[in-house]
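Heads up, the next two complexes both have chain A, just with different partners, chain B and then chain C.
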Partner chain A sequence: MCAAEPRSPLSVVAVPAHPMIAELPSAIVDIAARRGRAGDLAAAIRAEFGLDLPPPGRFAASGDTTAVWIRPETWLVMAPRGAEGALARRLVETAAGAASVVDQSHGKTRVRLAGAAAPRVLAKGCRLDLHPAQFGPGQAAVTPMAQVGAVLLQRDATPAYELVVGSSYAVPFLEWLTDSAAEFAGTH
Partner chain B sequence: MHRIDCPWCGPRDEAEFAYRGDATVRRPAHDAGIDAFYDYVYTRANPRGWHTEWWHHAGGCRQFVKVVRHTMTHEIAGTGKAGDSLPVPAE
Partner chain C sequence: MIELPRRPRLRTRKGGHVDRDRSLTFRFDGRAYQGHPGDTLASALLAAGVRIVGRSFKYHRPRGIYTAGPEEPNALAGIGTGARATPNSKVTTVELHDGLVARSQNRWPSLALDLMCVNSALSRFLPAGFYYKTFMWPAAFWEKVYEPAIRRAAGLGRASALPDPDHYEACHAHCDVLVVGSGVAGLAAARAAGEAGARVILAEQDFLAGGGLLCEPGQEAWRQEALAALAALPNVTTTLRTTVFGYYEQNMLGALERVADHLPVPPAHQPRQRYWTIRAGEVVLATGADERLIAFPGNDRPGVMLAGAARTYARRFGVLAGSRAVLFANNDEAYGTLAALAEAGAERVTVVDPRPLGPAAAAARRQGFEVLAGHEVTGGHGGRGIYSVEARAIGSAGAFQIDADLLCVSGGYGPAIQLASQSRTAMRWDDRIAAFVPGDAPGQRSAGGARGCFGIAAAARDGLAAGQAAASAAGFAAKAAFALPEGDDPDATVAPFWEVRARGKSFVDLQHDVTTADIRLAHREGYRHIEHAKRYTTHAMATDQGKTGGLVGAAVLAEARGETVAVVGMPTYRPYVSPVTWGAVAGHHRGRAFAPIRRTMLHDWHARRGAEFMEAGLWLRPAFYARPGEAPWDAILREGRAVRQAVGICDVSTLGKIDVQGSDAATFLDRLYTNTFSTLPVGKARYGLMLREDGMVMDDGTTSRLAPDHFFVTTTTANAGRVMEHMEFHAQTVWPELDVQFASVTDQWASMSVAGPEARRTLAKVIAGLDISDAGLPFMGVADATLAGCPVRVFRISFSGELAFEVATPAGYALAVWEAILAAGAEFGIEPYGVEALGLLRIEKGHVAGAELNGQTTMRDVGLGKMAKKGDFVGKVLAGRPGLTDPARPRLVGVRAVDRERQIRPGAHLVEPGSDRSLGWITSVTRSVEPGGWIGLAMLSGDADRHGQRLVAAFPLMNEAVEVEISSPHFVDPENARVRS
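So, the complex of A and B:
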């Protein structure tokens, strides 16, 4: 059996390039601890990936693998796109029944936004206060961004953010993000 | 606008939530009869004062948040998880 390679929804339209914005082609997998098994899941993930599943409002990273808290006892695990389904299979084997594992690689699109002006780019569509005193590296949130449900995380103090949105919304979301960033194209 | 303190996500704008009504109604026994089920589904006290209610954090963690809100002033006295029992101010 050979599943089709996912094709980025951003590959079929011409969203203008912007120096602050880049798609991060990723494997994205949803893991939800089964009832009473969150501790087993955390121990298994720690042993296999070397990262501690983060508490609400945080993400954790080890090497090129990132885990983001999205709901109670549920995380999104992301890594650069590899072989189709490989990350999900590795998580199924690691969780060994302690979690439900759903491959979201086709359903979600991951984008990076980086530059000094990035908080002002997001502010036009985000209800959270992204001032460094309120939101900083290591923090994450699930929140609507420009009317699109998004997972937001801050990777570093550049500031560099990553956004994960449903692939069906990726094109209009990128059009909004690019438009919002246009005024900062020469200043990032 | 409200800012609702989600027990998982922290304070968030009201627009991230969907109002889901009275959090104190309890499903009757299966053989309680049609009148009891009518009340369960449709009849609400609609008080002027403190009200314990559900706000679904649809735009965030997707959990049901319990909120004690004053229906006239919109003051929020407390929020909690679905299983929490929240104190209701006297008035």
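So, the complex of A and C:
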């Protein structure tokens, strides 16, 4: 296997740390159902991972594996980083031709934003209404934030959110996020 | 001993909303003054006896404080110093803080003595439309003479030229009910909606909530109770110092929160201002009403003030704006100013009312005020203030003087309809109050004064009803009501009285110096429509948006047209109700954060190596790596030479990469590209060209087949997003039946080009699991391997014309792979090369790039005509248009400066010696390694027929003419032997 640990996209430029924000090193894989095979894919994923591929606007989790709806019949499957390419290979085997599987573990960066002030941080760039009556645990969205396309999901009622962005956008996105969270650094 | 006249006491001993126990020191035009917390700059200046605060825009007439709020047309000042200096601030809305520094504007050299007021004497030569008429000829004079002169003379305050030290935020907010304005109607609406359970935002532009209630000591207990009730509701957010400035589609509104403008410096991590985008389910506009001026000669003088403003200064701020006042009003509501002034210590108030004696006037007489019913004001005397008011009985010629230092004016109240008008809600003329009143629109209600419902008790009832209705529309049932202020509602009926016809300048727009005569002139010259008259005269186009005189101007125009104001109408209002700073509009996104900066996973290595970075779209790429003391071109040529003679390595991670899979993937690519991919064997790459629907070349790149149903497409850096959209569009709308899926993997894979005669020997040292001999990995071959223990995919493709391999690796391993290759290549003299050397190499080789594929060239133009297959593909039909197949179209050639050291430039035109007819143009240039000297690519009519000819590259902008020789664009290895070696 690879001699070097993969570097974080956040290591190419120093981004200030913030107590509400942490990178989640992850294996991230894009699975898109082949035409007419969404049912087969869902059944195969249910059998292998014990989770139901979620409908639009939702994510589903089983153990440490999460599947987020990102486009029609397309999901992002995320798990803690393991051996290089392992999650993608497992998904290729599981889908058995029912999906196009693309490893994005290096192409996407996943961060966690948690704390009572998190909705106020996100309001500085996110157009969505994150009020508990409108957006809660289990919900997900694909939405632009601070000029960057992002996947947003709410993990729990802390509230804790996870954000997934293209890795080459991770630095400017985190610069915006930490800047927006700066006023809450002592109060989270 | 001389007895000095006793200066009247201007600040009352008690009452209002100022904290007299604490003093704040501020400066205005260099002089120190004192005010109190709760003061605006305007109230503090009035309390200090300052009467002139600025000069007018066009005539430089002295001007004083005219209003007590954001409708102020006159009193603009520069606030702050240095980088924080902010021009054109309305002193009536500037919250006083200790150490505030303000400066008057539009005067030179000083406020008291302004030399530009000569414009006033020349005013009959400066009518409306003056600039349009006068500076038309000669045309050449406009740019050099007229415009600079006008700009010097006109304009308001000057912005600081220093970088803004503050930061700004652009935030999003959502609510069930947005209530704009916290007067009695807004408070009642917000509380009703909040108690029903709706999520409510109550936005108030002032730093105190209450609106007109702040002038009603009798209702203070109710105001306090309402605010406490709102504060106790967790679902209600009350935001002060927040101006809702724009009403856009689908109940999206814009607001500006002045977070720290009332502080010398914003607190840590706090912005100066926040730009709010509010998405509301229901909107209640409780914006109140604006008092109208009356047009009469000299109605702009310092000492003239709206009646409601004088009352506000007395009641809210405890400031007496004048002790011998005249009230010129046509409505009963304005009579409330009499008591306010008397209680604040005015010696005398005389009423001039154009109406016959009515009940309000009779009551005023009983209270001891002198009332001149059936009279009108024809002017005021005094330069820097008023010392007497001229009045006459209506219909008589004999004017008389009234000794006065304050002239309060009221032409009635009109609903503040700016936001409703912006949302395109229909307006209805209400004869009773002589004003336009907004109707309701889906998701929108106006309440209280904002829809002509005047009087505290009536407005409160109206606000309550609007709040309940809004909550109900948002799905929240109304709860039991709360107590509302009680009282008799005044008779709001108004007899319209727009103008006193007498000699002199009668202003309808004080900020832009527009007079009744200007409106009539516009009408005479054919600008009869209200929107045309507005633009011709600039009436209501200043920063106050004509809040005090807009309707008066419309009425003057209506009279000239012989029609009613209801028919003439008002111009449609547009954002912004009040000015908004650019900083707030930009929010986080300024300077380096203007747009996201994308960096490759080797960025820090490039920086350590001393790379000069250049922008490529959103990316930062190394242009070249100069050694200490090395000139840029020396570095670029050194890097290019390394590739031609030994080996170089270049970070090409920014190229767009798209993973395409599906049983119909090959069919899909066949339809998108001009050439065929279904015949491409697995493990091979092919150069592909893509057209736009209109037949022009869109993009190029190599596509590799990784499996029968799996392709890896590359695009140019610039077009990555566009190609992805192109694919999405066709997959979703044109051929939805195809089984094809794709994902951008630009960020997943870092890639580096290893090029040069020593490329194979370099890679062979470090690559494992792959034979990279020409037999093992032939030209255009693709295979997986490992390098430094990391997974890599190796593509035998070349952009430089040399033997080359593109090594791609999951981006997190980029540095390990890059450093391993560099170490392996050290013995061969490996050099990292940047975008400039990359460009040099491709120009030498004759490969086209963005400068040639600029959206205006066809396949044939760029020498790739052979790539069109027989079958159909996107763009094929329109590429066959006669204009695109004309053999005379300029086509790709090479150019080389005959004198090798003479620089040629992109954009230069190619002409025959002695001719000025352009035959084509140069697209790309470089100094070269192999042919030597300056070379370039060009688009030239006659192309191949001219190979060997000498032409002139003319660049008239720099007066340059360079002799060039035309050749094939392939300066290096035209047989393509090296890439196959």
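The rule is short, and it goes like this: the second predicted complex is superposed on the first by the 182 of 188 C-alpha atoms of A that agree within 3 Å, B and C clash if a C-alpha of one lies under 4 Å from a C-alpha of the other, contacts with A are read in each partner's own complex, and residues count from 1 in each chain.
Quick note on the criterion: contacts are C-beta pairs under 8 Å (C-beta built on N, C-alpha and C of every residue); 3 or more make two chains touch, one makes a residue touch a chain.
On a predicted model such as this, the values are computed, not experimentally measured, just so you know.
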item: Touching partner for A:R112 - first (chain B), second (chain C), both, neither; value: neither
item: Which of chain B and chain C A:R127 touches, first, second, both or neither; value: both
item: Chain touching more of chain A, residue-wise (chain B, chain C); value: C
item: Partner chain in contact with A:A141 - chain B first, chain C second, else both or neither; value: first
item: Touched partner set for A:D103, first chain B, second chain C, both or neither; value: second
item: Which superposed partner A:P56 touches (first chain B, second chain C, both, neither); value: first
item: Touched partner set for A:G149, first chain B, second chain C, both or neither; value: first
item: Partner chain in contact with A:R46 - chain B first, chain C second, else both or neither; value: neither
item: Chain B and chain C footprints on chain A, overlapping residues; value: 127
item: Chain B contact footprint on chain A (complex, rising order); value: 56-57, 70-72, 127, 141-144, 149
item: Chain A-facing residues of chain C, complex; value: 169-174, 199, 268-270, 277, 279, 587-589, 593, 595-604, 619, 659, 661-664, 710, 737-739, 741, 743-750, 786, 788-791, 810-816
item: Of all residues in chain A, those that touch chain C in their complex; value: 1-9, 11-13, 30, 32-36, 74, 84-85, 100, 102-108, 123-129, 131, 133-134, 146-148, 166-169, 171-173, 175-176, 179-180, 182-183, 185
item: Residue ranges of chain B touching chain A (in the complex, touch as defined); value: 8-10, 12-13, 15-16, 59-63
